[in-house]
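Each of the two complexes below includes chain A, the first together with chain B, the second together with chain C.
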Partner chain A sequence: MFKHIWFKELRERFYTWKGTLWLVIASLVFSLVSYLLLTDKELSLLDQTEMMWMLAKVIIGTGILIVTIDASSIITDEFEKETAESLFLSPIRMRDFVLGKLLASLTLWLFIFIVSIPYIIVTSVGTHLLLPFLFYVFLLGTLGVLGFIMFIFSISLLFRSSKNTLTTSLIILLAIAIPALFPAMLKNNSLAAILSKANPIDNMFSSLDNVLVDYKASLFNNWQFIFPLVLFCLITFVFLVYVIKHFKLAGVVKNE
Partner chain B sequence: MKAIISANNVTKSYGSIRAIVGLHLEIPEGEFFGFLGPNGAGKTTTIRMLTSIIEPDSGEITIAGHAYPNLKPITSLIGVVPESRGFYDWMTAEEYLLFFAQLYSIPNPLKKVERLLEMVNLLKRKNSVIATFSRGMKQRLGLSRALINDPKILFLDEPTLGLDPQGQEEIQNLLKQLNKNGETIFLSSHQLNEVSNLCSRVAIINQGRLVAQGTIAELQAKTNLEGSTLKEIFLTLTNNNNV
Partner chain C sequence: MNNSNISAKKLFTLALLGSFIILRMSYCHAQQRTANRSLTLSIISEKTLSGTAGDYVTVQSQINNSGSQSLSDITTYMSLVDESNKTPVDLEDWSAEKGLYIGTIDSGQTLPLNWKIHFVKAGKYSLIIVAEIDGQEIPQVSTIVHFTVKPKRNLNPGQVLPVALGTPIVVLFIILLLNYKRNLHKSG
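Coming up: the complex of A and B.
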């Protein structure tokens, strides 16, 4: 049943050009960053692995930001555009509904990743890091995006408003992302170190640094960064399951 | 005849507002049942409880042998034209019905969709995007969606609201035909002429309470308004001129 919802969402994204627009925006961001990395006087002085690290962060960051904005309305639109009642009068189950939407959001991330592949190839020319670069951007990006989607879906079902969901999601995303951008010297005290180890975006960036700058590409060398991301996904999954179990249609259909 | 729709002492509140109080309904199979009430009387809440969209606070609901709270199986037995008229505007009429046909796992969905579009006179517009449809066309499309699973019971919440006389006539003829074919129809409407033309029995609800139920002749007798119209009976029973 979920596949009908999944395909409907994909068709909607590409019929209405919303999905295509996101991909154009992503490719423009990647083009701009790649261009600056190769031509800007100061940025071009960076070591090639540092450039790759920077591009990887931009790809994952752009992916998470775009998917966050898109996923904030994917569920709430059904309530706000009054299509939910007809949908839930059909034999569809809530878990199929959410799974279909989740796969649609993950597919958008997959398309963003595919768009980024030429940029990854160009910036990694002459190194032996192309495959680890592709693998880790895909793995870390997918885990990060998955965790954020499940969190966004949970608050979508709680708030039932795309504006509230988007605002909250962006605030949470910024609250998590900004500390990850702090220089290492600001993370020296024990509290900052603990927060850094628990921060999913910090762990993504640390893992990319480990792979691309320190050449430690095996999963064994990166488990300490991947594990918190898996934990983040598990926590958001449990939250989503809890919200789905307690979800009631009263209040989301018109005039209730 | 055994009731296909049954509600016994059903109550529903929203906070301190009592939307439905002690509702009793018994609707036999094949009946064309009219459900009337002023704005805010509890008609839509009743339909949403009967169609398992919202839960009653207390009371018993049985639809086609399935009793609350195990009403999920009724989704394949009922068709609903809900009050909220949301459509996926970017889809064509055919894609829209196909999507719902897939959700109901209908065999040969294309054939079924074509038949329904022909029934509601939209076959020529099957490839048009719903955003380009008039209100009447959307109403007809909503009705065809409600019929996609060949339901035993059809719940209609204001199906002719905002339609021109031709549009109303088309929908009414379609509903007559469906009822003739054995469909049980539960019609909530403000169009009192429509209800008196179509329905064999009528219930009137006011401020969440059922004030009368029966054939029009029975309601005339109850209100001592022999020979009066449904509108006069309605106004007497609801003491409300906002029809």
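Coming up: the complex of A and C.
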């Protein structure tokens, strides 16, 4: 049954400007960044691997931001447009409903990743890092995006309002992303080091640094960064399951 | 009389002891200087050192013991100075090999000393090789080699331009095609 929800969402999104405009915006951002990195006289003095690292951060950052904005309304729209009542009265289980929406949001990330592939190829010309670059952007991005989507869906079911969900999601995204952009010297004290190890975005950027700048491309060398991301996904999954189990139809379905 | 004899003897003994110590120190110092003089360091790849930032080059040098005795426990290392900023360079990013240890170098023997270095930053640099012999106060240094690292520009508009312009156009084209298909489907 989740396939029905998933394909319905894809049809709604990719047959309209609303869903597809994100891909144009993403490709414009990637074009601007890669063009500046490869043509600006000052930026072009950077080591090529550092340029690849910067582009990888931009791809994952743009992907998470777009998916966060999109996922904030994918469930709450059903409540606000009052289509949720007919959905929940049909024989669709809540689990299938959420899974279908989750796959639709993940598909958006997949399309953003596909759009980024030409930029990844052109930036890594002359290095042997094309495959690790592609693999780690996809792996780390997918884990990060999956965790964020599950968290956003949980608060969507709690708030039932796009505005509140979007505001909360963006504030949390900013709160996590800003410390990840701090230089390493600011993460020297023990509290900052612990927060940095727990921060999913920090782990994604550190793993990319490990792969692209330090040439440590094996999964074994990156396990210390991937494990916290897997943990982040598990925690948000448990939170989502808890919210689904305690979700009340009162206010959505009349006479409930 | 006896007292003056004793003082003269003491003075004589002290003078003898002092002379011995001075002679011994001079001998040791001379031995160190001889050891240092007998050890020569030379950088033989000075002509090929210049390059572009990002290049990996090998600093080829050699150590020669022209003395009559073998020398042991010699630690050799590179020292790099940024001539533009007048500061020594931290070799952390430049070379994985911090120093090369020589257990023993026989009399008349020449050993190669090779360091692979990564030109990290553009600029003018000077390089010397230093050798420290265990138990000796004065190290031996090579002559200074000056070299220039040219800046590397990763400019490639020929490759990035079609991608930077083409990808958004292709994405836009696909979206328009999907919309056209949907409109056709609706009107059909």
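Methods note: the second predicted complex is superposed on the first by the 251 of 256 C-alpha atoms of A that agree within 3 Å, B and C clash if a C-alpha of one lies under 4 Å from a C-alpha of the other, contacts with A are read in each partner's own complex, and residues count from 1 in each chain.
To be clear about the criterion, a residue touches a chain if its C-beta (ideal position, glycine included) is under 8 Å from a C-beta of that chain, and two chains touch if they have at least 3 such contacts.
Keep in mind it's a predicted model, so treat the numbers as computed, not measured.
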First (chain B), second (chain C), both or neither touched by A:Leu89: first
Which superposed partner A:Val24 touches (first chain B, second chain C, both, neither): second
Chain B versus chain C as contact partner of A:Val115, first or second or both or neither: second
Which of chain B and chain C A:Met51 touches, first, second, both or neither: second
Contacts of A:Tyr15 with chain B and chain C, given as first, second, both or neither: both
First (chain B), second (chain C), both or neither touched by A:Ser34: second
Partner chain(s) touched by A:Lys248 [first = chain B, second = chain C, both, neither]: first
Doubly contacted residues of chain A, that is, touched by chain B and again by chain C: 15
Residues of chain A that touch chain C when the two form their complex: 14-15, 17, 20-21, 23-24, 27-28, 30-32, 34-35, 37-39, 41, 44-48, 51, 115, 118-119, 121-123, 125
Chain B partner contacts - residues on chain A that touch it in the complex: 1, 4, 8, 11-12, 15-16, 81-92, 248-250, 253-256
For the chain C and chain A complex, residues of the former touching the latter: 53-54, 122, 151-157, 159-161, 163-168, 171-172, 175, 178-179, 182
Chain A-touching residues of chain B, taken from the complex the two chains share: 14, 44-45, 48, 51, 53-55, 72, 75-76, 78, 80, 82-88, 90-91, 95, 99-100, 102-105, 142, 145
